[in-house]
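Structure first, then comments.
For reference, chains read A, B, C and D in written order, and residue numbers begin at 1 within each chain.
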Amino acid sequence: MRILRAIFAHTSGRIGGAIVALYLLLAILGMLGLTPHNPLMQYRVDRLHAPDSAYWMGTDLFGRDVASRLMTGIGQSFTVAFFSVAFATLAGTVLGLAAAWFGRRWDGLLMRVMDVLLAFPAILLALLIVTVAGPGTWTSIVAIAIVYTPIFTRVVRGPALSLKAREFVDAARTFGSSSSYILTRHLLLNLVAPLTVQVTLALAWALLTEAGLSFLGLGTQPPAASLGLMLSDSRNLMETAPWLMIFPGLAIMVSILGFNLLGDALRDILDPKMRRSIA
Amino acid sequence: MMPLLSITDLRVGFGRNPEANEVVRGVGFDLAEGETLAIVGESGSGKSVTALSINRLVDYGGGRITGGSIKLRRADNSVFDLLTATEPQLTKIRGAEIGMIFQEPMTSLNPVLTIGTQIEESFRLHRGLTGRQATAAAKDALDRVRIPDAARRLEYTPNQLSGGMLQRVMIAMALACNPRLLIADEPTTALDVTVQAQIMALLAELKRETGMSMIFITHDIGLVAGIADKIMVMQGGEAVEQGELNQILDHPQHPYTQHLLHAVPHFASGRATRSDGRREQDKGTEPALKVDGLVVRFPVKSGFFGRASGAVHAVDGVDFDLMPGETLAIVGESGSGKSTTARAILGLVRSTRGTFSAGARKAAAEQSALPVQMVFQNPYASLNPRLSIASILAEPVIATGGRVNAQTRTKMAALLKRVGLPESSLERYPHEFSGGQRQRLCIARALMLNPSVVVLDEAVSALDVSVQARVLELLVELQREFGLAYLFISHDMAVVERIAHRIAVIYAGQIVEIGDATSVLSEPKHSYTKKLIAAVPTIDRRREHFELDTRQVPSLVRPLGFEPEPARWDEFGPDHRARVEA
Amino acid sequence: MNYLMRRLATFPLVLIGVSVLVFVAIRMVPGDSITAMLGTEAGLLTPAQRDALAAYFGIDQPWFIQYWRWVLGLLHGNLGISVTYGKPVLDVILERFPLTLELALLAMIIALAVGMPAGVFAATHNEKLSDLGVRVVAMIGQSTPNFVLALLIIYTLSAGFGVLPTMGAFSPLWQDPLRNLSQLLLPAVTLGFAFAASVTRISRSAMLDVLSDDYVRTARSKGASNRTVIWRHALPNALIPVVTLSGIEFGYLLGGAVIVEQIYALPGLGRMILDAILQRDYALVQGSVLFIAFNFMIVNLLVDLAYVALDPRIRLGER
Amino acid sequence: MVQHLTKKLLSGMTLPGIALAAMLGIAAVPAQANAATLRMAWSQDATGLDPHKQTAFSSLRLLELIYEPLVRLDANLQITPAIADSWQFSADGKELTFKLNPKAKFQNGAAVTSADVKASFERILDEKTSAAARANFLSIASIDTPDSATVVFHLSQPDVPILTAMSDINAAIVPASEIAAGSIGTTTIGSGPFKLEKWDPNSKEVLVANKDWAGGATGVDGIDISVLPDETAILAALRTKQVDFALLNDPLVATLVPKEASLQLNRVPVLAYHVLQLNPSRKPMTELKVRQAISCAIDRQEVLDTASLGEGKVTGPLTIPALATDPNQLFCYTRDVEKAKKLMAETGYADGFSASVIGATGEPPTAAAEAQVIQSQLAEIGVKLDIKMMELNVYVDAWLKGDFDMAIALNGGRADPYTMYNRYWTKAGNLQKVANYIDDTLDGLMQKGRTETDPAARKVIFGDFEKHITEMSPWIWLYTSYSYTAQQKNVGGFVPVPTGSLFSLAKVTLQQ
């Protein structure tokens, strides 16, 4: 509640929050089927129809309503982004805490493994995983989660190491607090703030990666819609039907903008050290 | 003729509405040529803001001067109004007419530039010197602050020099263009006491040499006794009292000045030690804590495979015992191994050798699983910011397998009350408390397990002087009430004098002198103890001349397998002995 | 030096990890070099023909034996032969690499040349309207996926001006510099845009942090002008985050920009790997991923070394 | 147009035009490297240089310009001379004799002899070569070379389609010496109109005219081929006159060509066909009526209209113009949803069923679109299709295993129906396990077509074949695309051919 109020008081937080909320609303409406048209319905007589009052964003090659597809596409893209970031956060937190806590060899080993993953460009790693597992929603989720796990591991490990050296952890040890107590109450609890920020920003990256994978035909599969796929499908029709490119393109941009703004706001609110760096 | 600097009714505010957020409220003083004014006050008193207003650096810290006047008489006797000056005019004044040194020498020098470059910059800006001329001038400036081997040190970057050295570099830089006014903003607070003495000596000497005026800002009224001509005491943004040095020190008028002079610990060479609970010999009681031959070494790794090539002998053979109800203070400078000793006793660092035994408490029923507890230096870092006070106080109980029940809650409430905090604090979070209150919380937490020994690691060092005094009082009361034994780690001789029954002086990982507080402080035997005590500023030593000493602390890194010679002791009384010096 | 040695010693470990991962992963995908070559016609092969082809492609053994052979070859500096190009893998990679390197460098130059001054400007005009303007543009820049930007650029050029970016066969820099630049400029702008936005944001916040540091106050107390303070005292200290970011981004760009290469029809490393994966050109995939990982680690190492050059406080090895 | 922009930008600026345009990433002036060099672009590069092994469309198109087969097909798919001047079947149809053109020379200067022909066919027939067209020549029992200009093929059985098969570049004649040296596929020494000077895979090819070509002088001095994977990029290159001639696959791009006044689009229906392959070994496609229902429920014209923007022609199984039946006479080529529903109900699938359809990403580019239209059409009779788009190799793997319910495919066509379909629709066909459907009628008709030398009789046989197979509906043939080439209007003399061959580039000229 306090956080919500703080976000509302923060300019970029307000804008970012509004954008994300709007997208969430559209996504939910899309998933509930409350779209202007059936997103899969092919209105064959109205193929490549320019935007008008019936089709707010026009129709695509199959005569499907772009606005409706955009709504379900947002739902699809967000689902992938949310799940993949959730998995990456979970795995990264566990691994990062383990590396920081056990230190020495474990730390070295885990971080080398993360180095291996980090040595791949993100899209290439995702591409390889998708090629191996075959494209689809769950593959995208797993692929993006694997790509971002090393990042979360690092995000958790660094602060966890410095928290581990903080005096309140020393204090806890002088009472003989158990490792699990220290890990959960002293480390994890204090990591919630940086993780929240990171999660928000990672959602933006995940949307980007999902769009990229779909753009290459390795993400969401037709006839389902996703922003990247819609954009990719629009390429050859760019001149005949520019609305096919413009709306999904803007939709991707604005959604990422929303998460970036929200992430910045959260960083300002939750991480006072960075307060000044509102950009 | 007009004084060098004349400030009247200065008002400084911060934020969007500076008039409503005034930090300095109507401060005024005059400073004559060659005179030294000390501005004394605690944090938040507005003393630093006043100083930064003089050269208008306060503008860059978000402050705005909202009223008053600041006038400087320049070398040609023209009067310069600092308040209406433009930024280009100000850059000609700063450094050339008004020099300034700051509290943290470690962060006040640009870390990526060599100190030579940084000193040369002053000459470039105000004297137009370049190239070899500037370098030569910089070397002279370093010579002037008695830095040995100046030519070579010009190539150093700040990280390669110690804090004391850096503060000298700062002084060299500030004085490079012979400003007629030097503003020193707590220049020694971050330094060890012996280093502080040297910086003070240097400042006094340079002042004599150049005849400059100085504004010296400090929280320690004792420190300025040796250097100031005039004192201005500030509280809450106002100058509550100002006058000649002796008048202020001997006949303070304002209650706050009186408080600063009397309630706050000042070093009195063993005359202010505690009279209660002295150690009585051969009483046969078990010590609350006994430490035997404590050794802590950290391996130094080098080479491709990270093999240990030597060891840092952080603690090298420390023994002492601590009786119930007694305070043993361990004093020493930074890097002496005093904190490591404390952490080793608590098991926070692994000791290489040595034994400790913590004795039983009087009643078996009350006996705690963990007889030794600790209070840390930084009250802001030792409480988890995300936990409520109730959770923080409950943690030791949970950790030792206890349950949080009504009895625990009663105990928490009682302890909070005992350390002087309201019961309603339980539901609150650490950030809602001040530093002093937090340290009280830490003490309450340490007492949750009924310890017999509490290790206080610089427990009052981070607090303002008057808060310090009150926490010390609380500690003494608690000691009497619960029969606690304190192991009090500190670098501050004035504080130690107030609380210790016995004192151990530690130097380079070894105890060099230990014994009854009064005898150690009044009749130090070991040369290091003597030096340490001589360096402590006191109100009594006015305008005293300090000896300059440029010796460095010895390296604690020893080759593998190195063992120090067994200690030999000279006994100087029933409870006072010092290590025999080579 | 010691640090450098130890750091270099971890390279083989990471590279082994990378290569095993790639080696196994690419072999887990259905289809192989034979189907890649013949398509559905592969169904016409007799078992004997299939075996002969498998032997020809070196995929007739279990993967660990193939891996062992490959590692042995690697130790002799031989990354294998690309079946699609019929040339040594290293030759194929080195043919593509100059373009990728040039593109990455151009993008970085654009990013730094635009981002750093913008960031410094915003930081020194903190909370003013101009700062807000820079921040808004940077925020939008950072939120624009490069493929969206690429499409927008192409669309704007073609719909608005009726022209299209120079495509056609790629001319290396040393053969036809003008044509080469005209081919790479738009892709470089595409890649550099978001990069510049990130540089702007990070240099702004780093500058803001640094400007409140004690030594900046010291410099001012010496009478240094605002310009001196910003460029001489603050900027060198604010460079570390910028170097870190640029290093990471550059490292990734060296791995090829798959989508942008695809859209602008550039024969870079990214597209080569994508093709190699689709063609099941195992040796080429392995070799190029290894090459990219190696570059990435070298860039990271250079970034670390740059820290030391930038900031004498940093001693390597304290990680 | 470019000048227009440059002018617009130059008003008020002092930068030299070329530099400015270059900075904007626009080629201001088309690089006129060599007026007589044809600059050509395609989106997919050749994958290899061994004419006997390559199957990729681009490889074949490239190799046709370098190598020559014994005979060639013209625009009407009539057999015309190439290396061979003349040919003759024996009366029993088991002996085929060729007379070689005495002027034919390899690019290394050596004359093309009967020994080269013999060696080439022996190489094709050698299992170790894994030649793409080996199956078409299995009836060759032995090869005689009475003199250096005469080759006699002895066949184990009458095999009429073999002559058409020999027109394929997969049956190119390569030098016997190169075969012996094992350098086929690494060096290209053919007898065709152009020499390959440089090949940068996935980037470019440089061809120069072969002055010694037996076919006479070529119209241009050379051909520079660029690989531009994105066809919009090819279009851009055409517009900005960076390219004279281009191969286009994507109909969406092709339709934009005529809008450009300076460009010309050539299109011709190809032999390859878009098809929805049902897998009759999977339930419920085992039921004839279910397959027929699917056939009736699909509106082929609409699939064509949507997926290819109408750029193509609805077709039955036979795509060879001379043999094809009018689609309207084929089973259910007029959409009939009611009939389809009835058929479904008769087999107990009134409520439909669920199945999946596989397709390869980008191969053909219309696959995903076709799948989506079909999905929507079949939904009307209750068939719930799940589309699985796969990376090409994964698709091929599943396809070869017959591991699919339905598959969207673009299958290659041949100039002879027997060669085209024997792999699927004969009992011994190597891809029978993919087709999964055969009956005696089909097998019998195919065998008859193989031995019949009379063209009229063959037309009847294959007409029956076509009617029967569309009624059995193991596959649902959809349409054939056009093959597109786009060119500047100053390119003259190009003749599009249904096989997609670019051989006529040999005689193409560039007018200034």
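Basically, a residue touches a chain if its C-beta (ideal position, glycine included) is under 8 Å from a C-beta of that chain, and two chains touch if they have at least 3 such contacts.
Nothing here was measured: the structure is a model prediction, and the numbers come from that model.
**Student:** Could you compare the number of C-beta pairs in contact for A-C with that for C-D and name the larger?
**Tutor:** Pair with the higher count of C-beta contacts: C-D.
**Student:** Which chain's mean C-alpha position is nearest the mean C-alpha position of the whole protein set?
**Tutor:** Chain C is the most central one.
**Student:** Which integer distance in Å separates the CA centroid of chain A from that of chain C?
**Tutor:** Centres of chain A and chain C (C-alpha means) sit 22 Å apart.
**Student:** Measuring from the mean C-alpha position of chain C to the mean C-alpha position of chain D, what distance in angstrom results?
**Tutor:** Inter-chain centre distance comes to 38 Å.
**Student:** Roughly how many whole angstrom separate the Cα centroids of chain A and chain B?
**Tutor:** Distance between chain centres: 48 Å.
**Student:** Touching at least two other chains at once: which residues of chain C meet that condition?
**Tutor:** Where chain C meets two or more other chains at a single residue, that happens at 29, 154, 158, 262-263.
**Student:** Indicate the residues of chain D shared as contacts by at least two other chains.
**Tutor:** Each of 230, 232, 391, 394 in chain D touches at least two other chains.
**Student:** Quick one: in the complex, what on chain A touches chain C?
**Tutor:** By the definition above, chain A touches chain C via 12, 112-113, 115-116, 118-124, 127-129, 131-132, 204, 208, 211-212, 215-216, 231, 234-235, 238-239, 242, 245, 249, 252-254, 256-257, 260-261, 264, 274, 276-279.
**Student:** Touching chain B in the complex: which residues of chain A?
**Tutor:** Going by the criterion above, the answer is residues 166-168, 170-178, 181, 185-186, 189-190, 192.
**Student:** Residues of chain B touching chain C in their complex?
**Tutor:** Contacts found on chain B: 55, 57, 60-61, 87-88, 90-96, 98-100, 102, 104, 107-113, 121-122, 125-126, 157-160, 170, 173-174, 302-304, 306.
**Student:** Would you mind writing out the residues of chain C in touch with chain D in their complex?
**Tutor:** That would be residues 29-32, 35-46, 48-49, 52-53, 84-86, 92, 95, 154, 157-158, 161-170, 178-179, 181-183, 185-186, 262-265, 267, 271-272, 275, 278-280 of chain C.
**Student:** Once bound in the complex, which stretches of chain A touch chain D?
**Tutor:** 40, 42, 44, 47, 61-62, 131, 134-135, 217-218, 221-223, 235-240
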